[in-house]
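Across the two complexes that follow, chain A remains constant while its partner is chain B and subsequently chain C.
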Partner chain A sequence: MTDISAPARIDVLQTEYMALVRQRRLYGGLVLAIFALLMASGFYVADARNAGGFWEGLHRVGDYPAAVISEAWEKRAELPANLVKFFPALVETLNIAAVSTLLGAIFGLIFALLSTRGLARWPRLVPLFRRLMDIMRAIPEIVIALVLIFMLGGGPVPAMLAIAIHTTGALGKLFSEVAENADLKPVDGLASVGANWTQRMLLGVIPQVAPNFLSYALLRFEINIRASAILGFVGAGGLGYELKNSMSWGPGEFDEAAAIFLLLFGAIVVFDQISSRYRNRLTEGRLA
Partner chain B sequence: MTAADLTLAKHDATRIFARKRMIGFAVPVVILAYLAYIFIAFDIGGLLQRMRPENAVTLASDSWSYKVHVERSHRTGDIAYSIEGERKGEYPEGTHPDWVETGDITTVTLPHGHLVRLLPDNRTEYVVPGFGTVEAHFDGAAIVTNLPDPPPDWASVSDRRVAMLTEGGRITITRSKTEIFRYFPGWELFFFTLESPYYGHSFYDIVFGEQWDPTRGNIAGAAHDFWRNPMWRHADVAWAIGETILMAFLGTFGAAMVALPLGFLAAKRFSPFMAVRFTFRRIFDFVRGVDALIWTIVLSRAFGPGPLTGSLAILLTDTGTFGKLFSEALENVDDKQIEGVASTGAKPLQRYRFGVIPQVVPVLLSQVLYFFESNTRSATIIGAITGGGIGLLLTQAIQTQKDWEEVAYYIILVVLMVMAMDSLSGWLRAKLIGGR
Partner chain C sequence: MLSVSALTKRFGDRTAVDQINFTVDAPCMLGVIGRSGAGKSTLLRMLNRLGDASGGSITYEGREITTLKGAAKREWQSRCAMIFQQFNLVPRMDVVSNVLHGTLNKRSTFATLFNLYPDADIHRAIEILDRLGIAEHAAKRAEALSGGQQQRVAIARALMQDPDIILADEPIASLDPMNAQIVMDALRRIHEEDGRMVICNLHTLDTARRYCDRVIGMRDGRIVFDGAPEMLTTDTAREIYGASGDFSEGATSTEIESLDRPAPASALPA
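Here is the complex of A and B:
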């Protein structure tokens, strides 16, 4: 019985398999086609709504950097003086990033512990703290910064608070994912000897998760340096603010712009390198 | 174990404890010292003095309320009514809010028993419960009031300008005009402006009620008037949000498309020449290090303001990031699958297609989708710099310092947009890669 129908069954299987493959290819092709269509029409719309078109602008991309570089090269004798002049602005940008990362990490840690199941101080409030973190993460820094600039005036503090709020939300989420995987035995042990919640967290959870937390906080510091430079551009102090000023002068002050570009680029690269080296050490140290 | 060993171990343990204790104290001390330095460096003491709490009050009260202006011109004696003092919110000629009585004497009723009478000859009477009646008039040279000297703390008086701010509302008298502001909760004219025939009608009325405008159907007309609302500009806002999402979309996926082939060239396994690898890695580092801010500035010089500039800035920065991430993912590919595919006689290209791509696609796709969500936020900021999308509308609304309810509206929209993109990218990740 079986040997008679076996070839037929294989045939059926094969046609079914080929049908599935065809269907899969069709779906894959459809998704690709829709994606390509979206990209093309999106590019077309963006091109149409831009002040200058893509093709007219393409050959001018190099003009501005060339102008800046040639002027900076002519005035290269002034470069060290300019670097010194804008160094305080760089320090301010880095300080904004550092303080906001520090505050964000501290509050993110508290929020994370309060919103992790099994560790939360008030288990019923876990969803509340999660939503709070979602909202803090969702509000772009610029929104908070602009509102705070209106209330506090320009300067580094609005940027610092804005980035700190966003960092709290972002780190809180990552921290709580790490804390979820923490071993609860030390916590139980501490609870059995009568430790209160703060002691359980400080002595039972934080030592377990500290390397991971530090590594995330360092990554966030890299991101925050960029964010604090950008926020300076809308009036929140630091390198971005100086850059905006020197750019509004136009040609003749390009040497200053070049110095600021150099400082910003250098700072980003240096801190990226330091932090990635240290992060590697942290994660390797954890494995060892 | 001898006694000497034990003493040694105890000594070691004590030392470690002492060190831990030191660190336990040192870390908070260092943090506090740093914060103290910041307190001075950022001049927080001076900031607390310079901050403008009244701005916060304006922001907090204006973002959920609107005011109706009653304005009398001292030159002509005409009285005009408008919402938020905007031309687009003016009451049509001959109409007025129902809390105003017109006639020889115009009486404006304010909450909490406050009352303003606009009398002929540019005279004004303001009845303040518990205080009495304030009389003021402009005699052609100066503003004369019966307010005592010094005036009560809710009023400020000079020859040129008298301003009173009470729980009933706000009244300002200048040489040219008398203005009364009455505050109401809510966002007025959010759906229709006053000239629209659908203003003041409920949703039910519009859908099922009589035809308000003889030339067009109710639903089509209402949709048109809502969409073209000149005060809230819903159409423009929707476009702006679309532009912001478009910037993020083009930037992220464009970067992914550029970075995928370059990632192969920078991965040790697929790129045999050290020089090529090294060059591409340095290019990635450079593009990433220059940062979106500088790219935005450079590109906006070439392409002018608009969404294209923003997308290209995101594209360039993310090409660097993706190139690095992709090449790392490609280096961690498992050899067994490639060998398996090769054992069936596959050519190199087929080996990549069936041995490598299926392994890396889930990783790459999840990274790209994660960046898509975070780039929606970046696009808002870049839009504020290069001039496009909701970021531009938001900065403009904040810088004019007038329509805080619009600012609140934009902020809510931005937050909703980011949350929607977050869920969309999460949903796509789950659909394409399988839930994790």
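Here is the complex of A and C:
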């Protein structure tokens, strides 16, 4: 302990700290000014390059939803029939999402453990696995799906593979960040009894990170439901294909579009509820 | 001044604090002792309104505390400072900023967002740090300090609040004996020099005996002892800690002197 507190010293400390504070305030003000400038100029550029113009189009933003809702309301009697009609498509979409999430989570887990500092099986190859995940994340699902559909033909399998590849990259990154914060003491303990790498990961790391991993995987599942619906637009089947048809075939189909939106919305709400319940149970189980 | 009556806290079907009553008439240094899980922390958290009471009442100068809401509750919290076992500072912010957090209740969110504390407050924060002997660390990040230094920063934050009451929840449980003594000395000095009420959770008997004017012993959520520290006999201590005959005071000690003491338990005044 160095408890020197001469009255002269405290003045010096106060002056020094005040100088620091002034400097910080200056930087803070500059950052704020730059931020405001970028926001304003960015908006201006985007608006100038916009084909229609933001301000001219603003009042028309509500037109399309209004048309969908009013038409769907007129034909509301057909809604139950439409829901039944499109339910198989929803199942197909969910199927694509589930299989791709499962595959993506398994490969993401392996990639994550191989690319986490302190845990990696081959520490020198960490950058390689990271770059592989970067590539899988960087290419949009829709591009992978288009290439695969070109090679394999339309259908759910190319969509599933496309989403699984993207999910591997995305979950691998998230998993690796969780694993980085894992406590290494159990791993050391297991290493001290002569466990191999797989055993150390399986018994020392996975129990610690499982709730977080599962929570990310469930979140990814929700995202993938949406992704697999979108891939329907490029010919991968499921809800998206039906939605594209009902939306683009002009007037008379908006009731079907509304039914599809309801199904999609309902599915996401249901899976969000289920996943949050499971996540809670896992975290409580960990506390007990 | 401070009066607690029939205060109760339940977590599910477990009662952490069970119908406790006590009154404090004048600012004093009050020690609350008992083993882990006796309800000491829960009691302090209820006093600060970090946790809501399940029943009973707390009044301070005639004002009911348990029913305060919103701004009134935060105003009360600013008047009864809390010191935690794990310091609970913001690790990545510098020491003075952490101390200045003591004034948050008086400042607008906008001002704190841009670090616009009045110069007078900044000067006072450094003076408080100087009083606690850590002014030279003013510009360092809180996480760069040792445990004992961090706890003194936490005390400085509490003093910055200019509180009526200081609640300290096991302030020395994470510290080594040397730092524990510095922190306890600081708390005692704050009580003596500023006349603030200090309520301090401790799990060691000798610390309570040495620093406190009055001791409350808790066991399983109930008060089993309330009186001057001189009245604490080995038998009462055994009751508080639920220990058997082989219990000795030295076994709970964290003080340096106790290491030199030959037979701590038998040396107790009856």
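Note that the second predicted complex is superposed on the first by the 213 of 288 C-alpha atoms of A that agree within 3 Å, B and C clash if a C-alpha of one lies under 4 Å from a C-alpha of the other, contacts with A are read in each partner's own complex, and residues count from 1 in each chain.
The rule is short, and it goes like this: a contact is a pair of C-beta atoms (placed from the backbone, for glycine too) under 8 Å apart; a residue touches a chain by one contact, two chains touch by 3 or more.
The structure presented is a predicted model; accordingly, all values stated were derived computationally and were not measured.
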If we overlay the two complexes on their shared chain A, which of chain B and chain C does A:188 touch? Say first, second, both or neither.
neither
Once the shared chain is lined up, is A:28 touching chain B (first), chain C (second), both, or neither of them?
second
Quick one: is A:17 in contact with chain B, with chain C, with both, or with neither? Answer first, second, both or neither.
second
Of the two partner chains, chain B (first) and chain C (second), which one does A:9 touch, if any: first, second, both, or neither?
second
Could you say whether A:65 touches chain B, chain C, both of them, or neither, answering first, second, both or neither?
first
Shared chain A surface residues [contacts with chain B and with chain C]:
none
The residues of chain B that touch chain A in their complex are 31, 34-35, 38, 41-44, 47, 50-53, 55-56, 59, 243, 246-247, 249-250, 253-254, 285, 288-294, 297-299, 301-309, 311, 377, 380-381, 384-385, 387-388, 391, 394-395, 398, 401, 407, 411, 414-415, 418-419, 422
In the complex with chain A, residue positions of chain C that touch it:
96, 114-117, 119, 122-123, 126-127, 130-131, 133, 135-136, 138-139, 182
Residues of chain A defined as touching chain B within the complex
35, 38-39, 42-43, 45-47, 49-54, 57-58, 60-61, 63-65, 92, 95, 98-99, 102, 134-135, 138-143, 146-147, 150-153, 155-157, 160, 226, 229-231, 233-234, 240, 243, 247, 261, 264-265, 268-269, 272
Per the contact definition, I'd like the list of chain A residues that touch chain C in the complex.
1-5, 9-10, 13-14, 16-18, 20-21, 24-25, 28-29, 32
